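Below you'll find the structures, each written out as structure tokens.
One chain, subunit A, appears in both complexes that follow, with subunit B as partner in the first and subunit C in the second.
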Partner chain A sequence: MRAFLKKEWMEMTRTGKLLILCILFIMFGIMNPAIAKLTPWIMEMMKESIEESGFVIGKVTVNAMTSWTQYYKNAFMPVLVIVLMSSGVLTNEYQSGTLVQVVTKGLSRRKILLSKMISVYCTWTVLYMALYFGVTYVYTIYFWSEDKVEDLFAGIIFYWLMGMFILALVLLFSTIANNGGQVLMGTGIVYMVLFFLNYVPKLQKFLPFRLMDGLQLTMGSLKMEDFIPALITSSVSIVVCGMISIVLFDKRRL
Partner chain B sequence: MPELKEMLPFIIPIVIAEVILLVYTLRHIFTHDHYKRGSRALWVVVTLVGMEFIGPILYFLLGKEDA
Partner chain C sequence: MHKMNVLEISGLEKRFGEKQVLRGVELTVPEKKVYGFVGRNGAGKTTTMKITLGLLEADAGTVKVCGESAHYGNTKTNRFIGYLPDVPEYYSFMTPMEYLKFCGEITGLPAKEIKTRSEEMLRLVGLGEEKRRIKGFSRGMKQRLGIAQALLGRPKLLICDEPTSALDPLGRKEILDVLVAAKEETTILFSTHVLSDVEHICDEMALLNDGKIVMQGSIEDVKKKRRSNAMEIELEKASDAEEMLRVFGKGQQNKEPQMLTVLRPGTLLLGEPSMQPEILRYMADHEIAFARMEKREATLEDIFLEAIKE
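The block that comes next holds the complex of A and B.
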């Protein structure tokens, strides 16, 4: 299994995937404080057209919150990138038939799936925490060190869990689908279903989408308790998805 | 436009990232003889013209041969 993990690592570095992911995540991280810093200038540019429609712009103040608002607004992009990158993690191997040899040589299917899971989850965790969050955090501290932001880390971790949930879906569909497109489609359909369910007020509390509202936690309009049901459902679904994937992968034709 | 000096903390890392990606891409192009599409000359031009991320990304998406 360690050998297989090593192979995953080699694949990531040799194909340049890791480099591109790193650069993309750093760019996403830089973007948030940069947009915040540019906001007064953008407002200045658009001043006339806004004033024509009757709004008056006062002095625009930018602070750490502006940067974190951008952070949550843009956080779907890292998720999207990692989902696109991971959609082929198993399906590419089915198509090239490389898993057949490994299995006939005696590596158990569970170990293969487990290493794939570890590598996908670790990539997401490290890239999101160290690069996307880390870069935004460092810049925000640098520019607006005097601003106090409350409950920041909790919201960040919630969003990370949301990403983990989506990746669990991607891995689950990877055990069923035959190519990357089908994986994306399956994940997309589940996402859409959850999206519509989110309109039912009673369910909102329980759906993983709640985890994306970390900003409201920071701003104080939501409390920590409001997140607990969503935290539980998401963690449970991640584990359940994992178990279903193991069962399905055991049976699947490679 | 805000003072250039104020924006430097953003610009410098972006430039560094661009250069790393550029060097990596060019190295990849010159160490490989076959591409999915196009020729070496084409990809070198594309990479250099679209130096700001877009060229290298295009190469890795469309030009790089599958291992």
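The block that comes next holds the complex of A and C.
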């Protein structure tokens, strides 16, 4: 299994995937504090045209909270990028037939799938924590060092878990789909279903979407215990998806 | 020590939707042989091989590799087998050496053995000096690398699916040479529709047609069984050939089947050996000169065509 993980790493670095991901995640990370920092300036630029239409702009103040608001607003982008990148993690190998040789060499299917899971989950965790969050955090501290932000980290971790949940779906669909498009479609359909279920007030606190509301925890409109049900359903879903994936992958024709 | 069968397939059946691809395949491959697995495209060769490797599920029948049953999914019997797929694909970002190292590691060979064996195998297939990544490899190079990876773990059985079909004559010869060299240490089952390849390197063969083995045995046996008695008669003058055809071509009183048929312009084929004296007498009487007259050797091609017709 170590050999297969090594191969995954080699693939990420040599094909330039890792480089692209790093650049994108750093860009996303810089964007949040940068937009916050530039807001007053942008407002100033547009002041005249806005005032002509009858609105009056007062003094615009930005602080660390503006930056974190941007963070949550833009966090779907890193998720989208990692999902797009991961949609081919197994399907590309089905299409090229490379796994046939790995299987006939005697590596068990479970070890292959487990390696894929580890590499996808680790990539997301490291890129999200170290780059998306890390870069935003460092710049926000740098610009607004005196601002106090409460309960920041819990919300950050919740969003990370949301990403893990989506990736669990991607991996699950990768065991049945034949190409990356089908993986994205399957994941998209589940996402849409959850999206509509989220309109049912009673369900809201159980759905993974709640994990994206970390900002409200930081602002105080939601409490920690409001997240517990969603945390549990999401974690259980990730494990269940993983188990179903293993069963399906064992039976899959390569 | 008694001779062991490396591969025993019996009663193998497989259907894809409406199409019954295998209808009870029986195949036995003895140790240390090069075994040719012949059949037309779509006859079921690849399907049989894939079932043996646990890549497809059989509907009925058993496959035993070195005495152990193979089954779909994770099959332990794959440790005995080296496999070369029809169109081998590799991780193109690796060099051949790295790929073999990767293969060795997932097979669980000791690190030291991997290194020496990889070098040995790459030298065997003529890729010893190749430092480039697999990305830019030609088909022939990929096939050769495929043999190297398949032989890496010293398999008891090497399964090659149409290893020469997509190659130019030179590439084909290289692969055949490598297979002959590999014969020293393993049993080879190789599928093909190129009969000259079978004649060149195989000890035994089986002919798969329409999902069944229609013929199986050593190359000599197969050829002997179907030795044809036909004579080829090449005449000096093409006009003589026409005359002979007019006299003997129809069969006497149009009752019997044709005795003489045209093989090529100027050359006739005599199907019925008992007619030989009569034909010769006619030629002597009419002063017809022949350039060549010989017994026709049955080629595998004839045997193949004949077996398929039935």
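Basically, the second predicted complex is superposed on the first by the 252 of 254 C-alpha atoms of A that agree within 3 Å, B and C clash if a C-alpha of one lies under 4 Å from a C-alpha of the other, contacts with A are read in each partner's own complex, and residues count from 1 in each chain.
Please note the rule applied: a residue touches a chain if its C-beta (ideal position, glycine included) is under 8 Å from a C-beta of that chain, and two chains touch if they have at least 3 such contacts.
All of these numbers come straight from a predicted model, not from anything done at the bench.
Residue contacts after overlaying the shared chain place A:K251 against subunit C, while subunit B stays out of touching range.
Of the two partner chains, both subunit B and subunit C are touched by A:T15. Residue contacts after overlaying the shared chain place A:G220 against neither subunit B nor subunit C.
Comparing subunit B with subunit C, more residues of subunit A are touched by C. In the superposition on chain A, contact of A:S108 is made with subunit C only, not with subunit B. Shared-chain residue A:G58: touches no atom of subunit B or subunit C. Contacts of A:P201 after superposition on the shared chain: neither subunit B nor subunit C is touched.
Residue contacts after overlaying the shared chain place A:F4 against subunit C, while subunit B stays out of touching range. Touch criterion met: A:V100 reaches subunit C, while subunit B stays clear of it.
Comparing the two complexes, residues 14-15 of subunit A contact subunit B in one case and subunit C in the other. Every residue of subunit B that touches subunit A in the complex is listed here, in rising order: 1-2, 6-7, 9-10, 13-14, 17, 20-21, 24, 28, 53, 57, 60, 64, 67.
Residues of subunit C that touch subunit A in their complex: 53-56, 73-74, 78-79, 81, 83, 85, 87-91, 93-94, 98, 102-103, 105-108, 149, 153. On the subunit A side of its complex with subunit B, the touching residues are 14-16, 19-20, 23, 26-27, 30, 33-34, 37-38, 40-41, 139, 142. Put simply, subunit A touches subunit C in their complex at residues 2-4, 6-7, 10-11, 14-15, 96-98, 100-110, 250-251, 253-254.
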